[in-house]
Amino acid sequence: MKTAVFPGSFDPFTKGHEDIVRKALSLFDKVIVAIGVNSTKSYLFELEKRERWIRDVFADSRQVEVVPFEGLTVDLCKKHHASFILRGLRNPADFQYESNIAHMNEGLDASIQSVFLLCDPRFAAINASIVREIFKNGGDVSNFIPNTIDLHA
Amino acid sequence: MKTAVFPGSFDPFTKGHEDIVRKALSLFDKVIVAIGVNSTKSYLFELEKRERWIRDVFADSRQVEVVPFEGLTVDLCKKHHASFILRGLRNPADFQYESNIAHMNEGLDASIQSVFLLCDPRFAAINASIVREIFKNGGDVSNFIPNTIDLHA
Amino acid sequence: MKTAVFPGSFDPFTKGHEDIVRKALSLFDKVIVAIGVNSTKSYLFELEKRERWIRDVFADSRQVEVVPFEGLTVDLCKKHHASFILRGLRNPADFQYESNIAHMNEGLDASIQSVFLLCDPRFAAINASIVREIFKNGGDVSNFIPNTIDLHA
Amino acid sequence: MKTAVFPGSFDPFTKGHEDIVRKALSLFDKVIVAIGVNSTKSYLFELEKRERWIRDVFADSRQVEVVPFEGLTVDLCKKHHASFILRGLRNPADFQYESNIAHMNEGLDASIQSVFLLCDPRFAAINASIVREIFKNGGDVSNFIPNTIDLHA
Amino acid sequence: MKTAVFPGSFDPFTKGHEDIVRKALSLFDKVIVAIGVNSTKSYLFELEKRERWIRDVFADSRQVEVVPFEGLTVDLCKKHHASFILRGLRNPADFQYESNIAHMNEGLDASIQSVFLLCDPRFAAINASIVREIFKNGGDVSNFIPNTIDLHA
Amino acid sequence: MKTAVFPGSFDPFTKGHEDIVRKALSLFDKVIVAIGVNSTKSYLFELEKRERWIRDVFADSRQVEVVPFEGLTVDLCKKHHASFILRGLRNPADFQYESNIAHMNEGLDASIQSVFLLCDPRFAAINASIVREIFKNGGDVSNFIPNTIDLHA
């Protein structure tokens, strides 16, 4: 069974994230959406909400699992017998950042491989931190997040 | 009348900012320099000073207006009947960031368009956060800010 | 009257080109689509066809003019009393290339300014040279060029 | 069965190419190394040699197939019932180029997906056109191509 | 005597940093590793530790000096009669950042020149902030820092 | 004695090239401007002219030598006992290209090191191929090449 971990803080989960996970379902048997919890960071949306929102988005799919996690991504992979880390790429700056992380992860555990899919151009500008900024300023972010998610709920 | 909003925190306003606004005066009838105020950020220079400094730089031009604002840039545009957001580009990293913001703004209000001008190469390395760092360390920043501005005033 | 020149070889004219010109119509009074003719280059489509195709795309607009030209873009601008060169930006690599050209043009004539608009994300990957490659291999390029253009005509 | 096509001109096949294919073997059931033949391009090494060299590199693996092809990559995918196009990424410039190609391919056939793996940092600078240049100047390229390949053979 | 200053926070000093300093020893007579101390930043490792670790790494070389410093790099250069600032480059994003800093430094003191060396590809993904993150999560960072350094000491 | 080779085709030599060589004179004892001759390429200006122009630019300096060469840069370095290859960097795209070449050269001869200097921002957009294009179209390129060079001579 081919399992991939899709790590992120998903604060909030966007249409771009959804796009990558849906594409990955034809490549992997299972995709674990792993919500990273870092005690030194603060988040706009509570972990419970983020977890529930993502579960709702993929309520139609048995291949997707949602788990919060603390610590290193490679440790989470080992725990879930996942040999792949899934990441989406939107632009060259993303690539640079992701490639550094991937090479560092390889330095930690060479048996785990990073696999990259391309974000749909319509969603490539969506950035969770800009979404938060718009939301905090009372803007309408419905164009940027999956239809099933209501950030005010 | 073609009006453009030029948003930023201008902490402080640099020669690079001045260059972009001056170039824009041949393209637009009015350019609104909009000083963004974000209650969760802290600034090195007080809003009143930044406002006064920018007004002084453009004391010679009736086309330039200076306004502080809170909230979304697209909302400010609507309030001032501005159909354009003006941004300067210094380098490819700038472009990536600006292009994301522009596409998100388009997702919020498709009737407002982002227009980009190139920064003069002599000013392209000027970065307000490095200017602040030099200023805090007692360095001479006069090469980087308009001649009319005295940061110690 | 604000006139912009939009130079290119348009071999062929794509949806991305169309998008930039349409956006520019709210910014400029006239946009001159200038088809560059370089005697040392060979083109896939004849100049006459390219000219006609672009005219057809903008048959609905009196603001757009189509002219073939040889020589320097700044010379064409002077001839048509255009103070602006219009260019579209798709990605950071585009930006680097365009910024070099723009600075060189400024070195040739400082009174002419380059203005940049962002390509719609849906068209940002469209590249005339890939379109030609697909066309030569019998692929269907209708997703990449304006609906009014029939490359086989 | 998950099949990926790995297209290129492989003039010559490098350690970087080998690295990507070997990594892909844990992700796909079959990887088709597809040697693109473009009648308007000239190659340094004959197609027969390139084909034989790649077969030798993967003589130990039943998952790898080597096929020359003319025309569009998406057509080759359909012919071989491959739902994935495999590409290696070395750096941000690669990413930009590959992402354009991938989006154009998606515009041609949305059912075929591009999957990206990262090149090992030790091989990330290897570039077939620089290898050719060194080879033509009598340099020793053995650090850049798989050990089983003898370009002089 | 040609002296270069190699500034950074080195929190912690990595294999990438070591690589750049060792390469610079053939170019300069003396390399001053300058540990920047910024009272508004917090560091994971104490200054005394960082200083000792770097001294241990270069215990074999009389060309390397280690000094902590506060304030502007150009002021430190003047104090130590250093005409060069040494920086390592890992990737295009590094380059953009470093080039801005270098041009600002040139604006402060045109007599001091920035010299750039390339990081070994094996170390190019190493990033002190990711190293800190891994360390804080209990990961093994020995692949990323010089062998003589024990972060737990 | 520290000797650096500065390779290029210099078709023609620009103000950007001159800037890099002049900056390098404080770092190296000798700088060899090496005009690469590639029998498969065609040049706009004859080798003899390019050679003479560069000699004239540095007529004031005993540290600069001008030599034409065919073959690999690392072989030229060995012949002239040069341990360094000097390259200028203008922008991130330059960096990517140069870094690949440098790593390949290291793979050919690990004892030769590439050293990078930053181009002055005023000259960073200057590109020999755009200069040729302007020259062929009768434009005035005097802003882009050293004052002592007359391309019509």
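Quick notes on this one:
Every chain is named by a letter (A, B, C, D, E and F) in the order it is written, and numbering of its residues begins at 1.
The definition used in the following text is that a contact is a pair of C-beta atoms (placed from the backbone, for glycine too) under 8 Å apart; a residue touches a chain by one contact, two chains touch by 3 or more.
The structure displayed is predicted, hence computed values, not measured ones.
For the pair chain B and chain D, chains touching both partners: A, C, E, F.
Because chain D and chain E share one sequence, their contact can be compared position by position; here over half of the interface residue numbers appear on both sides.
Averaging Cα atoms per chain gives one point for each, and the point farthest from that of chain A is the centre of F.
Relative to chain D, the most remote chain by averaged C-alpha coordinates is B. Centre to centre, using the average C-alpha position, chain A and chain E are separated by 33 Å.
A separation of 46 Å divides the Cα centre of chain C from that of chain E.
In this assembly, the C-alpha centroid of chain B lies 29 Å from the C-alpha centroid of chain C. For chain C, residues that reach two or more other chains under the stated contact definition are 91-93, 96, 99, 102-103, 121, 124-125. In terms of which chains touch, the assembly is arranged in some other way, matching none of the line, ring, star or all-to-all patterns. Pairs of chains meeting the touch criterion: A-B, A-C, A-D, A-E, B-C, B-E, B-F, C-D, C-F, D-E, D-F, E-F. Remark: chain C residues 2, 23, 26-27, 83-84, 89, 92-93, 95-96, 99, 102-103, 113-118, 121 touch chain B in the complex. Those residues of chain D that touch chain F in the shared complex are 91-93, 124-127, 130-131, 134, 137-140, 143-144.
The residues of chain C lying in touch with chain A in their complex are 91-93, 121-122, 124-125. Taken together, the chain C residues at the contact with chain F in this complex read 70-72, 74-75, 92-93, 96, 99-104, 107-108.
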